[in-house]
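Below you'll find the structures, each written out as structure tokens.
Below are two complexes that have chain A in common, paired first with chain B and then with chain C.
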Partner chain A sequence: MTYMAIPNIGNYTIALATAVESLGIKAWASTATTPEALKLGIEAAPESVCLPLKAHLGHFIEADRAGVEYAFMINSVGTCRLRYYRHMIDQILKDLGLKIKIFGLGFDGFKPPIVRHFDPGPITFIKPLFHTVLKIKVIDELEMAAWRTRPIEITHGDTTRVMNKLLVKLSESKTMAETRSLRRRVAGSFADIPVDKEKKPLRVGLVGEISFLRDKCLNKNIEYILGSQGIELKNFFLLGEELENITRIIFLNRSRGKSLSRIADRYLQNSVGGHALDSVANSIHCADAGYDGMIHLCPSGCMPEVSIRPILKRVSKDKDIPILEMSYDEHTCGVGIATRLEAFADVLMERRKSGSAAGRRENARRG
Partner chain B sequence: MFFYYIYPGLWETFFSELGMEPVVSGPSTIRTVEKASQISETEHCLPNKLFDAHLAELVGKTDMVFVPRVLSTIKNHLSCPKFGPLPDAARADIARETEVLSVEIDESRRPLSESLMLLGKQLKCQKSQIRSAVNSSLKAMESAKNQPVRSLKKKGGPRFLLIGHPYVIHDNFIAGPILQKLEKMGGEVELISFAEETPAKSYILWSTANLIYHTMKTISREDYAGVIQITVFNCGCDSMMIDTYRSLMKEKKIPFMYLMVDEHLAQSGMDTRVEAFVDSLGWRS
Partner chain C sequence: MGNPMEKACYMGIDVGSISTNCVVITPEGEVLAEIYMRGEGHPIESVQQCLSRLTAQLPDTYCVKGVCTTGSGRILAGAVVGADVIKNEISAHARATIHLYPDVRTIFEIGGQDSKVTIVRDRAIVDFSMNLLCAAGTGSFLDSQARRLNITIEELSTRAMTSEDPTDIAGRCTVFAESDMIHKQQAGHKQKDIMMGLCHALVRNYLSNVCNGKEIKPPIVLQGGVSANKGICRAFREALQCDILVPPYNMVMGAYGAALIASKSGIEQTKYRGIEASTHVIVTKGFECGDCPNYCEIIEVLDADEVIGRTGGRCGKWEGRTGPREALKGTGPVGPVSETSAGGLTEQDTCRPVENVPDLIQIGVCKKKRP
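The block that comes next holds the complex of A and B.
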């Protein structure tokens, strides 16, 4: 059996696996970078490159050691280092003498080389693609339900258990009908979790670099930590939304970027690259929507995200919303992150009690 | 500060033609670095921190500070993404009290002269006045570019090529100690030129990185005894490129060394490394 390694983008890897299987091969992936893979990547990559590259690289080296022949990764056309990942990873793997072959996927033609290479029939290929998109949407819904339920659950860990059960079912689902019936059950399963309806959780938005927003290993499971502290989250990277955005760019030439730059105009008049504009615009959006705080995640030295920090600081002052800057490197440990998040949650709680502007807005909103 | 060296002479001429008095921040010194580490964002790269300190030096002394948004200096190339939010970051933080003048310089979209016209319009000057200012400033830049940046001392010592971003190799604090040491040891130092306007296309889209790559492809072993790259801590572009440069130099059998500079640069540390590099060249022959 031929295997293909796919990059880790959190739970969405499950959906991508379906797409890979449409090519008649098996997927080799996990929903989070393993610590071993990260170690391999750190050893092989130049020391000052950014952490997501090391995670990607380590994942592919680990795959090669497991006998995987192919891998794919997403090409970027942006302005930051992500654009050169493919070239650099190719080069390093060649220098290490590894055999794994990498396909780029993304903005290089209607029929990318990956499809040409495996050449599946059109029907066997197109149908699973629709299935993949459907699965991505289901995962979006699962994530959103989990953010809402986790902070108010009565028995600690219920949400995670339900979530994992559904994710396993989703990854086992082979047909679209099966996935659809699963989708209908999502809301019910989460509604069955006993919750404390009286509780009004703090609301916090997560913005920043995408692999850190999604990969549980890289961000030290930040969603879980925050959720268990009784904080309702909104993570601003949902692959389903991102896909819709890309489709809009391709077919309607109308990107979400425009509405974002309208929101951010007073503070930032350039898209910078990566998700920097999104971070600024979403912070402003959250401040106006009465969120209690924001957390900005990025790898240490990330070019676009770090360069907008002074702007985020200003937003934070002007809009009276606390923004926590989290930057991760190889030596970041989960306990340190948890401590900082706990302290942040305490600060937010105190602010709400003392009736900060955000707190007042919140009370007005909830009546 | 970032673009001052890419466009030599341009800005002074332009602004004085329009009846203003340009004030240029002084060369970076250890004081600049101290100031930078106090006021700047901790995770910025060193030039970005220095930029903040230079900006702070000008704020209060002037009526307006000029921070261009340099998106690309060569057609179909990009600048470092960190340049994108610079004027916005300046407005948000350090130059909050002052008016920040800015213009988008994007060679892929419009030539430099048009960007300058737009800048003049922002200043509410007469069209004819702007046009003459544009012409004379472009001329001033041409003549400044044609002069060799640093006069070469013909001593017959080993010749070195110094590569790096223009705002790195021309910076007094970052490159100064290394240049002095090399010259003290009797070496001839040539700074890489950024005058080339159409470097060969490659997979690299960053303009400075591609220019360096292009230059390194054209040089040969006879030209230089060694190539030294000066890079700065937390530079994203260089972190991706160093390996490419190194393997290219290995292929050509030209000795290569890179020196990474951060806020804690000490002359003695750099001295040791430069001496070791020059010594090792002696053993080769």
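The block that comes next holds the complex of A and C.
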């Protein structure tokens, strides 16, 4: 069996693994970068590049060691350095003398080189792609349900366990029928978790760089830490939403990007690159929707996210919404992160008690 | 315990990077005993020493009704003494300062390796910031410079105060500050001027890095280990052109705040293990979990052969559970019970048999083997 290593983007890796089947081969990945892979990546990469690159690089080195022949790396079309990261990873792997071959998402003619290389039949190709979209939707639903349930669960850990169990089932699901029946069970499984309905959790929006938003090894399990402190999250990277956005760009010529830039227009008239515009627009959206606070995850040395930090501070001041800036690199220790998050939760709680603007908005929203 | 003649008191322990502090207060917030000691890299031993020195200071009529630990070693310390509440140091420091100075608006806290600024309005924290990727401008820096000049840190403080014409020292990076200092020494600047210059560099670095973009408004309270340094206080006064308050318990504010938190959290039955905890031989032992490819390094805190706490897992399965290791392997996470994510280490075994679900799902497992 031929294997292909794909980048880890959190739980969505499960869906992307299905997409790889369309090439008639199997995926090799995990839902979070393993600490071992991260160590390999840090050793091999130049010191000043951002942590997501090191994580991906380490993942591919680990894959090569496990005997995987092919790898796939996403390209970004934005002005972020991610655009060059495939070439960079390719070069570093060559310099290390590794045999693994990396494909990107490029078109040079009718078929992308990756499809030409494996040359699957049309039926083999199409079916898993539909299945992938379905799985992405299921994972979106899972994530959203987990954000809602985790802060109010009575026994801590219940949500994580239910979620992980469903994810394991999803990763084992081979047919669309199986996935559909799983999707029907999602709401029920989360509804079975005993929760404290009286509790009104704090609501916090999570914006920033996508690898950090999704990979719990990189963000030190921020969703779990926040959730178990009784904070309801919205992580502003949902692959399903991104996909809808892409299809709208291609088929309707109406991208979400345009509406994002409309929201952010007062503060930022340029897309900067990466997910910088998204971060600004989502912060404004958060403030207007009555969230209690925002957390901005930013790899140290990430050009787009670092550039918008002053803008986010301005948003925070204008809209009276606290923003916690988190800048990560490989030396960031878990204790420091937990300390900041706990203190931030305390700040938000005190604000709510003292009847801040967000608190009043929240009360108005809940009637 | 349980004697009606005994008076209640609450204990706060702050295990920081450099020092371990302990404060005991009455329910009204009056300090009965305070201890500041350098940790020397043995957090367990220093916590135990703190406890044993506390017995000497504390009258027998007092009985500890609640314990709260804080600082970067709060989880380990919590396991050793049996803490009821485990709280982050930012909230603990702010609590203590607001208690002593109700109208405070800015809190500067510079410790061994952390420097923080906390913005307070109407007795509530509204914003805070902590040094993130750089430790230039913290106590450790001053410490190492004093050591290099072969003087104590106290001497550095008094000598800096006598300076009339402080030397300009580059303060962006600790290492370059040191090179600049050597250069200035070689050029013939007076030692006291260099020391004051060092204090100015530290303050400049702190104000531009940590306080960047924050609204600094008086009254300002300076605390943490570095606040004992008069040179730093002087540098802050000169840089901000306003008075800087240094609280009476400036070195142990974290522990004081923790004690206040313990007194206010309505603890019914304390989990405090008593003064005996200081005499036991407490050791830690590490092992690899291996239930999923995260391969978390779990640290067990052992008192004789009994497990009193575990730390280090990512999924929350090991934290707060003291059952035998074999029984816990392959079970699912059961989260902390106390109010913070880091808390609940000493909670009695809440283990229940559940299906094992990995924290990290592997795709293409058949090929993935650990080297």
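Definition applied: the second predicted complex is superposed on the first by the 362 of 367 C-alpha atoms of A that agree within 3 Å, B and C clash if a C-alpha of one lies under 4 Å from a C-alpha of the other, contacts with A are read in each partner's own complex, and residues count from 1 in each chain.
Following the convention adopted for this analysis, a contact is a pair of C-beta atoms (placed from the backbone, for glycine too) under 8 Å apart; a residue touches a chain by one contact, two chains touch by 3 or more.
Because the structure is a prediction, the values reported are computed rather than measured.
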- Message: Looking at A:Ala276, would you say it contacts chain B, chain C, both, or neither? Reply first, second, both or neither.
- Response: first
- Task: Check the residue A:Val347 against both partner chains and state whether it touches chain B (first), chain C (second), both, or neither.
- Result: second
- Message: Looking at A:Ser327 after the superposition, I want to know if it touches chain B, chain C, both of them or none. Which is it: first, second, both, neither?
- Response: both
- Message: So in the superposed three-chain picture, is A:Pro194 touching just chain B, just chain C, both, or none of them (first/second/both/neither)?
- Response: neither
- Item | Dominant toucher of chain A (residue count), chain B or chain C | C
- Name the contact category of A:Gly157: first (chain B only), second (chain C only), both, or neither. second
- Message: Which partner chains sit in contact with A:Val306 here, chain B, chain C, both or neither? Use first/second/both/neither.
- Response: first
- Task: Figure out whether A:Ala32 sits in contact with chain B (first) or chain C (second), or with both, or with neither.
- Result: second
- Query: Taking the superposition as given, does A:Gly355 touch the first partner, chain B, the second, chain C, both, or neither?
  - Reply: neither
- Item | Touching both chain C and chain B, counted on chain A across the two superposed complexes | 300, 310, 313, 327
- Residue set of chain A touching chain C in the complex reads 3, 13-14, 17, 26-32, 34-36, 65-68, 155-157, 160-161, 164-165, 167-168, 171, 216-217, 221, 224-225, 228-229, 300, 310, 313, 322, 325, 327, 329, 331-332, 335-336, 338-344, 346-347, 350-351, 353-354
- Query: Quick one: in the complex, what on chain A touches chain B?
  - Reply: 46, 48-50, 78-81, 83-84, 87-88, 91, 267-274, 276, 300-304, 306-311, 313-314, 327
- chain A contact footprint on chain B (complex, rising order): 41, 43-45, 48, 69, 71, 78, 80-82, 84-89, 92-94, 104, 203-205, 233-240, 242-244, 260
- Name, in rising order, each residue of chain C that touches chain A in their complex. 72, 87-91, 122, 124-130, 132-133, 213, 293-295, 314-317, 332-337, 340-342, 354-355, 357-364, 367-371
